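Structure, as structure tokens:
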């Protein structure tokens, strides 16, 4: 921290304690906050899924009424998608992007804090609905006109997701600028780690997809709360418009959830195979292609809706086509392992699990695109099986692999490998036990989003459902193992040293945990997998040779090495401003102009506090007066 | 920003890059509203339709908004030359024109309302009001930003060499103007002609 | 991937006079647009309006927003978003208008 | 616990090919009835998609085995062995030829799948080639109504069709009081006869169906439609032509008016007038003469010709009917009091219920 000791009251300078967290602008701390918040929401979402499974364990059960069940499955979906997988990816983006590209922070540190607080308050807002008259109950897709029905509680959904959308949009802009504009000297695009590439693609997807759902939700909100007629068939409104808008967002959204995990796996597999990623360029381009094509397949969620045969055909084709770039990635990952020397560390196990389980989900995805038969599969547990295989077996496996992999980076300690392996195997077993049988129960006719498993279906699918429910028990136990391992290792884990995995990318170049300013000297990059190349060189035939230590070519990060490294100060304004989202949201949901006004006013005050406060004390916001306010030079000339 | 002192990779200012990035996504936002409007253009549920528009009136307010882009760019130009005094003048002029435009919109909305077009009337009405309303909200936010820029330059928080700040707000302002160029044609003129 | 392209072109900004000229042209174009309401242009009215709109759009973006003089990346961001939006919503509208479930 | 015993009429039959192909060992445990089973088609409109998915499933299975095989092979072959010397393996960066192979081959496979898929889409959606019958389907929260335009018949929950005849369903959604303004999307799905198709308020969608054998085919609403979506089931009963004609004749005769002085006649009275409570007739119709007009609730003219009621979740018998009139919400979550949907609790006395049930039971 660069600042002098005298600080203004609203500017916490402590490095520990609550205030230091509320006011932090350090991308690493923000990443850590994201991470722990998603854990809490994951426990909530998991508990909800436990309730669902308990109700469906046997036919004709009445543990939950229809009313409760509908709220629970809706909140389960919303929680897992918007409060767990997306922000968990954001946790990785936050922590890793600056480190991986050799930067000291993200482009807009306070905006970054803002994103986190919006997310937190958005999540609190959504969950408070349970106490305020009932949680949303119109499913995570919120189809109109059901969702605009007065008894649907979907006001919370419409407003809550918009709040979360603000968080994602701000983060997307921030990360895009960071990646494009803050790479260390020499870090060209084709030298960027794949994770950073996938982060870039993901954030572009967010950038372009979030506005679409924002509009869908605005319309829904106006219909629900203010009597507008967007989706009201009585006056000629078209419910199908909502479906298009939702899925225009919704499909890119599923790639938003999977691409970060793909990036993570692309980092771990090479490290644990002791080989570079097979086909780096292909993997990168395939990722970009997935992102791009991902915008053109949305109507495959509407194959049984009111769209005609030409549209159905066109979207069937585009949907199938997306299997090609995905396949490229799968095969490149497998061939990364091929010919390597694999070390089955926990992150590696989860990465292999990812490749294997995701393939299953992907293949069932392709069978969905067989439109005539989609009419049988749609809205059955077969679809539920598909998306849990890609989301849980894919995204979540990948993200967990990342947790194990970068835990030593964040804490300087190792997580227990023994418990990690126990976690992996029980997780794999529990996962397949839970979701494998759903393929069958779905094809045998069990529809999703049904509060009661009808007795007449019971005899054919009851066993499968029982197995699924048993799977959750295994998963819960497994999650507890993980949680114990995590918390225990934070306190008592073995020292990890600087480079526990023999890693390849820049983040391992610096201390673990990294200092506030990440790098004492900004590294100069000369290779893809820069860190590895500082340890080894390759001879002509591709055989590696060790390089003597200390042969680094870093340039001086600062013109004057004695000067303090210039880092932004803490700021409470993002936090203060974001509290306003609570009165703002309640004001809208309950149509209370006072609350709403309070929220807006609060936000404006927060906004002014924010812009008036300089980024760092004494720094007066910008460069000294005599320098023209433009970036002076490109990085290469540095 | 942390990296202002550090050179940037592309040699571009973070804030400008961020603004452009954001503006790119705004098309997706307005595009969805415009699509809904086009879909519902004849879905009036027996209420008033596009014939209710008062083209001469809207032309004038559109013209005002268009010209505010000129004053905006002049404000930036003044700032770029370090002339804060003139910059403030042009900023006020821009905000003023924005306010005129908003006033026109308020007037328009009330007239339409009195003539029987309200948001709960029909999908057409909903999509018209929400589309133009959201544009109005953007103008409003723009005015707020202009005013805060004005205030900050008075208190010395915005300095003569910091014309990126004016430029950024300017980008946003021009963008909102561009969107209105599209709305004016697609929402007002073309339907009106097609109906007449 | 021209990674480290520093934009040399920064700084060639038009003068206030040029800005005013552009504004005058914009005003003329607008007048032409509005005239379609008063004068019957027949079949060409709508294509004409779309062309005028596009010209105005590009003029504001290129000159007032300095796209013409600034980094190409900015233009790509803007027009990339625009093209994506046009494409997606065009398809959506085509489906909504013409590709309903059969006959209806 | 609700009581929902449903008679099962179709024979347990399962399509062995699909079972094998979807190949999970657990599968074998599932040898039960195959009533709502997409793997057991009972008519051409279910058979087509089924015949399409089988080869695709085979391809998927092959890809699955290939990928998992490669993974397992790599894991076993390239694991670091105990006697490893710690040296690094050869640093291979990629292989263009391989990249081309795994781009082109999947693309070709998918192109191969795409052709029959597109054909299938049009087959599924076009009008049937043969002469067909039309039934209109209206989705209400939370029951299906069927209208036979050729015969002017209204019925609910159970759709009766003749075998071997294509039926084209013209579907929409509306409720309550048929105001399309308040309808929500439903989806009509009888897996053994056809895939599902959504019912959208304010629009018409179509679905072809045909049963090869007489039987009772079960299905349900497959688009989440709120509170009682789970309790919105449907039946299609396929009959021989003769039986179907008998059914039509029965349905097109007006309901009998019970003789004066009987309990049934009292029931009829109450049906039309419940004092200051809403009369049954304000929501239901029992057609005695004149025009047949649909109403908010299911048509009750020939109520007892159906086997199940209340969204086909309960057997239609005296006991259930009594409970239904006593407290409909206890048999099916509807919450009329909150949202005006479904059937209200009319605070009927036991005497009133006796009379009403007698009347209903007489509606043969």
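Just so it is clear, A, B, C and D label the chains in written order, and each chain counts residues from 1 on its own.
Keep in mind that, in the parts below, a contact is a pair of C-beta atoms (placed from the backbone, for glycine too) under 8 Å apart; a residue touches a chain by one contact, two chains touch by 3 or more.
Every value quoted in this text rests on a predicted model; they were computed, and no experiment measured them.
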Geometric centre: closest chain by C-alpha means: A
CA centroid of chain B to CA centroid of chain D, Å: 50
Chain A-chain D separation of Cα centroids, rounded to whole Å: 37
Rounded Å distance between chain A and chain B, as computed from the means of their C-alpha atoms: 33
Junction residues of chain D, two or more chains touched: 125-126, 197, 203, 205
Per-residue overlap in chain A, given as positions that touch at least 2 other chains: 180, 208, 212, 232, 235-238, 240-241, 245, 248, 306, 308-309, 630, 633-635, 637
Per-residue multi-chain contacts in chain C, two or more chains: 3-6, 73, 81, 84, 88, 92, 96, 100-102, 104
Touch-based graph of the chains, sorted into line, ring, star, complete or other: other
For the chain D and chain A complex, residues of the former touching the latter: 1-2, 4-6, 8, 18, 22, 24, 26-27, 29-30, 32-39, 46, 48-50, 52-53, 56-57, 60, 63-64, 67-68, 70-71, 74-75, 78-80, 84, 88-95, 98-99, 102-103, 106-107, 110, 113-114, 117-118, 120-126, 179-185, 187, 189, 191, 194-198, 200-203, 205, 218-220, 222-231, 233, 313, 333, 335, 338-339
Touching residues (chain side chain B, partner chain C) in the complex: 9-12, 16-17, 20-21, 23-28, 30-32, 34-35, 38-39, 55-56, 59, 62-63, 66-67, 69-70, 72-74, 77, 80, 167, 170-171, 174-175, 177-178, 181-182, 184-186, 189-190, 192-194
Contacting residues of chain D [partner chain C, same complex]: 125-127, 197, 203-206
Chain A - residues contacting chain B, complex: 103-105, 107-109, 169, 172-174, 176-177, 180-183, 187, 207-212, 214-216, 218-219, 222-223, 226-230, 232, 235-238, 241, 245, 248, 522, 566-568, 604, 608, 611-612, 615, 621-623, 625, 627-635, 637-638
Residues of chain A that touch chain C when the two form their complex: 180, 188-190, 208, 212, 238, 240-241, 244-245, 248, 295-296, 299, 306-311, 630, 633-637
